[in-house]
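Some structures are shown below for you to check.
Two complexes, one shared chain (chain A), two partners (chain B, chain C).
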Partner chain A sequence: MSAPLLEVRDLEVAFDTRRGRVKAVDGLSFSLGKGEIIALVGESGCGKSVAVRSVMKLLPEQTARYEAGSITLDGKDLLDLDDKAMQKIRGHDIALIFQDPMSSLNPVLTIGEQIGEAISRHQRVSRREVVERTIELLRRVGIPAPETRLKAYPHEFSGGMRQRVMIAMALSCNPRVILADEITTALDVTIQAQIMDLLKSLVADAGAAVVMITHDMGIVAGAAERVYVMYAGTVVETATTADLFARPAMPYTWGLLRSIPSLERPVDEPLVPIEGLPPNLARLEPGCRFRPRCAYRRAICGAAEPPLAPAPDGAEGHLARCWGLDPENGWLRDTDWTSDLGDAETMAEISAAAAQVQGEKR
Partner chain B sequence: MVEAVSSFTRPRLRINGFAVLGFGLLALLIICAAFSPWLAPYDPNAQDYRAVLQGPSAAHWLGTDHTGRDMLSRLIYGSRVALSIGFTAVGLAVLLGGLLGVVAGYARGLVDEAIMRVMDALLSFPSVLLALGIMAALGPGVNTIIIAIAIADLPMFARITRSQVLTVRERDFVVATRALGAGPARIIFRHIVPHITGPVAVMATIQVGHAILTEAALSFLGLGIQPPTASWGAMMRNGFSYMERAPWLAAFTGLAILLTVLALNLAGDVLRDWLDPRGDSRR
Partner chain C sequence: MTDTSEPILDIRNLTVRFGKVAAVNDMSLTLRRGETLGLVGESGSGKSTTSRAVLQINRPTSGEVWFDGEELVSASRTRLKALRQRMQMVFQDPRSSLDPRMTVEALLAEPLVIFGIGNRTLRRAKVAEMLRLVGLDPAVGSRYPHEFSGGQAQRIAIARALILEPELIIADEPVSALDVSIQAQIINLLVKLRTQLNLSMLFIAHDLAVVRHISDRVAVMYMGRVVELADRDRLYGAPAHPYTRALLSAVPVPDPAVEVHRKREILTGELPSPGRLPYGCAFRSRCPLHAALGRPEVCANVLPPLVPLAPNQSAACHFVSDASAAAARDQRGGVSA
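Right, the complex of A and B next:
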């Protein structure tokens, strides 16, 4: 593989909060090649959105600290750049498409004004050209009769159309990297498919690379080439999409896959949720981050954090963070995740702990 | 309270009695101020010693003062002084206070602290007292009265814009705009300022009324507009001295001030209802 376009290495980002320092991103590494689509997957609150915002350096300056690691775009470390230099990169080299198309467009400016602004920010073009290119962009993202929609305000558009507008804005300067943060989450399932198809075709046309952030394994399967499963601010498993779905290695990934509704599954078979909640990042205990919710845990899991090591299937670039996969004494290397749900006693303990947390909240 | 119930059916711009009264009075005042030379029946400074302290009559609708000057003409010319001082002073306060508020709210941190602590210090004085102090230091005159009122009102506008900026700057579309590579100036003026004009406009309208009151108070105390210029405050003071012999002097002047402040307050309230996105069925 040639040198990656965007590479994040051992990134650590912490927030100063009233209740102490919270490490939202802790040793995150991923790399993105030209024209590649990768996905960061995980539950809410596992640091996905902070990770993409930190790549753009959009985190609040007062509270966010980059503590370690590097973010390199074409060999240039973005962490060394000041805000002025970052302004040139944002939108031009890296674009971010937001999660919520309802609130990510300015309600007091028209669609045409907002896209036009995105176009003229990084390019010297005449006003007429801006209008032409705006129409062209709207057409590319599949807005019908774009000439007539330039003067429309965001509230006159449906959610799916607004998401298309957001994509048009992100594409306006032909960025090389697109960060797509849960772009389908707020949309209907049918619209989700349309938007994903649109994104894929546009990426193929423009040769941009995409980092998709999602919690939806179905979308990952349909679009990404490589998957990074995130948990509590770090990567716990990574593989090509095919390898990950064929032979997921560690219990958290199993949990994610088990909770996908599937048409092939008998209707009366319940989905298996992952019990409990992601850990409080302000009070991380030593050992494996997933241990408190893992039905396969053993004593070693609480002793030290497992390294990101090659998974037992031996596929290239398939790495997982789990003591159960250790070549010496791994007890999960040959587990069939579809039938073995883990130790029943441990499971009961986890459920009890989760119920207790719920009770305390109430 | 009935309005709250009927808010679903309310049209976009609800024209009610208050709106008509407020904007009608305001329009009348502006016409008086703009066309004083044509509207006033007499020269406001022409003295007529054959007709001093006369009550309302056909020749002098609102009577005359102690030097025989026509009260109606003086009140009409006084509206010029009142409105121009009110609007200029508040305009200045909005511009400066707004700028400080936007800078404080956007920059946060030390800059915010520095600006807002100075504003708090200014705010801790009653505004009339503060204006009085500034007038005493700078000496009387139209310009100094404008400066005094502007400085006294400035912290309020700084506060309101700052708080608005703080809420708008964290909204997704601002972050989205930053993600497209926009610099601070562009974000502030194109994306944040349009969102905060509503509350500021409402505040400013009401504040013009207060400014006119402050001007009247300062002139009443002899620190503001100097004779013979027709100023409502100075006329009030004059009427005050003749309270027993010619009560209409103070009464008519007071009425003019009252109606002006009332008009501006009503206009401000109506504007607030119109501009409040939660208030009615605007989409």
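Right, the complex of A and C next:
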């Protein structure tokens, strides 16, 4: 792989809230090469959406603060740029596609006007050229009879069509990096398959690189080359997609894979949920972030946060954050995650804690 | 599951129109006692309208709904209210279905109060019992809905639906708003409760993998009609209708080794507008089989009826035998049960 196009290093983003400062992203690192598709996976509140918005520097200025780390595009640190310089990068070099196309499209402007605006914002082109380019873009994302659809308004399009329009808009300036935030979540499966195919073909043709944000392991398996599993603001495991699914290393990833209903699992095999509840970031306990829900935990897990270290399978770039994988004292290095579900007594403790309400008494 | 007893729910030729749009179109379906029937389909296929029409929340335009031998569409308000005690609903978004100003205890006791069941002490005990049943500490009764996570709130909504000891539960996308790790908790809870309380359940969802985990039989809806109905293993193992097959092949599988070799049947086009449904088979505009057969006219002229193919499978397609043959041929590339 060549030098990374986009690199995020030890990023820390905090928000000021009424309950004090909350670190939504805490030590996130990932890198994206040219023509690559990577995925940030995690459940709601794990910081994945904040992470992509921080790359675009689209976080609310009053409350959000970059506390540490760097975001470099082609060796240039975006955190050093002022707002004006950043505006040149947004849309032109990096484009963001949001989850819900209905609320990101302007309902009172036609589709043609909105895509045209994206084109003329960054490039000096005549009005006729804008129209031509818009039609071409709509054709590329698979909208039939684009000439006639230019004057249509967003409400006249279906959800899948609107998502295509959003993709067309993102592609309007040939960005090198596309950030796709849960772009298929609101869509039906048959339309979802169409959109994922479109995204993959665009990467293959245009050489753009994509950071996919999703909670769906199925989407990840079909599209991404590398996966970053996030939990409570930080990466807990990363590997190539093949390694991650074949030899997941740490208990949260195991839990995620065990709890997904899949058409491929034996039908009578019950799902194994991750017991307990995701942590409240305003009140993180010391130690491993996943400890409160981990059925394999031991005393050391509450003492300090484990480092993101090489996983036992030794595959290149396979890292995991878990004391149980420690080369000297690790107790999970040889665990068969499909059969060993952890300590039953610990599991009962977790369920009992989950039956309560988190947080302070009224 | 026995077929011998009378079905708990019998939907006959149900049609629900909103203006010109027929959201549910001449649909018939039965739910056997003690069984869980999965109802799947994409948005706009009429699954939620069906569930609301069954409970008479939306009044059907025509058709009949029989619940345990009584017809609901023609039933009086008073009779309906009495019957509703025996059939309850669980909604998708637990937060918007729980009144934020009521404590959990008041929320759970409310159905008992409405039906005049028990006194204060008895209701208290019952609330505590229900909370324990859904995996919550009875001490949380004094809390308000906003203090709970999404998964906990759905447990509360389930407890509220079950407190009247209903026989029929209609669950409309009960897990689709939840994170995967929590989703599995709620699915397992529903599976446990259904057995423990001997519930009959209509389980509505768009996620075929979720439906597979909980259903005995599955009905697939497209544009207001059932296009395939089969036993779970049959539907997922040997889907007959081209729409069912396309739907199954579109579900992403969380295994890259499978995904790489998977043969996808990607549907072109989108759902037709329900206000302007084409004549004949509504699926033909996107149907790969229709295209492969050279667009036979019968699909455009005649609405295919739901016909039995096997004792435990029926489908609404003129060329369903061709489809099954193709399914058998492609089985390696397709999805196996």
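Throughout what follows, the second predicted complex is superposed on the first by the 356 of 362 C-alpha atoms of A that agree within 3 Å, B and C clash if a C-alpha of one lies under 4 Å from a C-alpha of the other, contacts with A are read in each partner's own complex, and residues count from 1 in each chain.
FYI, a residue touches a chain if its C-beta (ideal position, glycine included) is under 8 Å from a C-beta of that chain, and two chains touch if they have at least 3 such contacts.
Nothing here was measured: the structure is a model prediction, and the numbers come from that model.
Three-chain overlay on chain A, with chain B and chain C fitting side by side and no clash.
When chain B and chain C are set side by side, the one touching more residues of chain A is C. Looking at the shared chain after the overlay, A:T338 reaches neither chain B nor chain C.
Applying the stated contact rule after C-alpha superposition, one finds that A:A118 touches chain B and leaves chain C untouched. Looking at the shared chain after the overlay, A:I191 reaches chain C, while chain B stays out of its contact range.
In the superposition on chain A, A:N329 makes contact with neither chain B nor chain C.
Look at A:N174: by the touch rule set out above, it reaches neither chain B nor chain C. Shared-chain residue A:G218: touches chain C; no touch with chain B. Remark: in the superposition on chain A the angle formed at chain A by the CA centres of chain B and chain C amounts to 80 degrees, rounded in steps of 10. In the superposition on chain A, contact is made by A:E264 with chain C only, not with chain B. In the superposition on chain A, contact is made by A:V272 with chain C only, not with chain B.
Overlay on chain A (Cα): least separation between chain B and chain C is 10 Å. Shared contact residues of chain A, touching chain B in one structure and chain C in the other, are absent. Those residues of chain C that touch chain A in the complex are listed here as 42-43, 135-137, 139-140, 143, 147-149, 151-152, 179-185, 187-188, 191, 206-210, 212-213, 232-233, 236, 246-259, 262, 264, 266-268, 270-271, 335-337.
Across the complex, chain B is touched by residues 56, 58, 62, 84, 87-92, 95-96, 98, 100, 103-109, 117-118, 121-122, 155, 166, 169-170, 172 of chain A. Here chain A touches chain C in the complex through residues 43-44, 158-161, 188-194, 196-197, 215-222, 241-242, 245-246, 255-264, 267, 270-275, 277-278, 351-352, 354-359, 362, going by the rule given at the top. Of all residues in chain B, only 108-109, 171-173, 175-183, 190-191, 194-195, 283 touch chain A in the complex they form.
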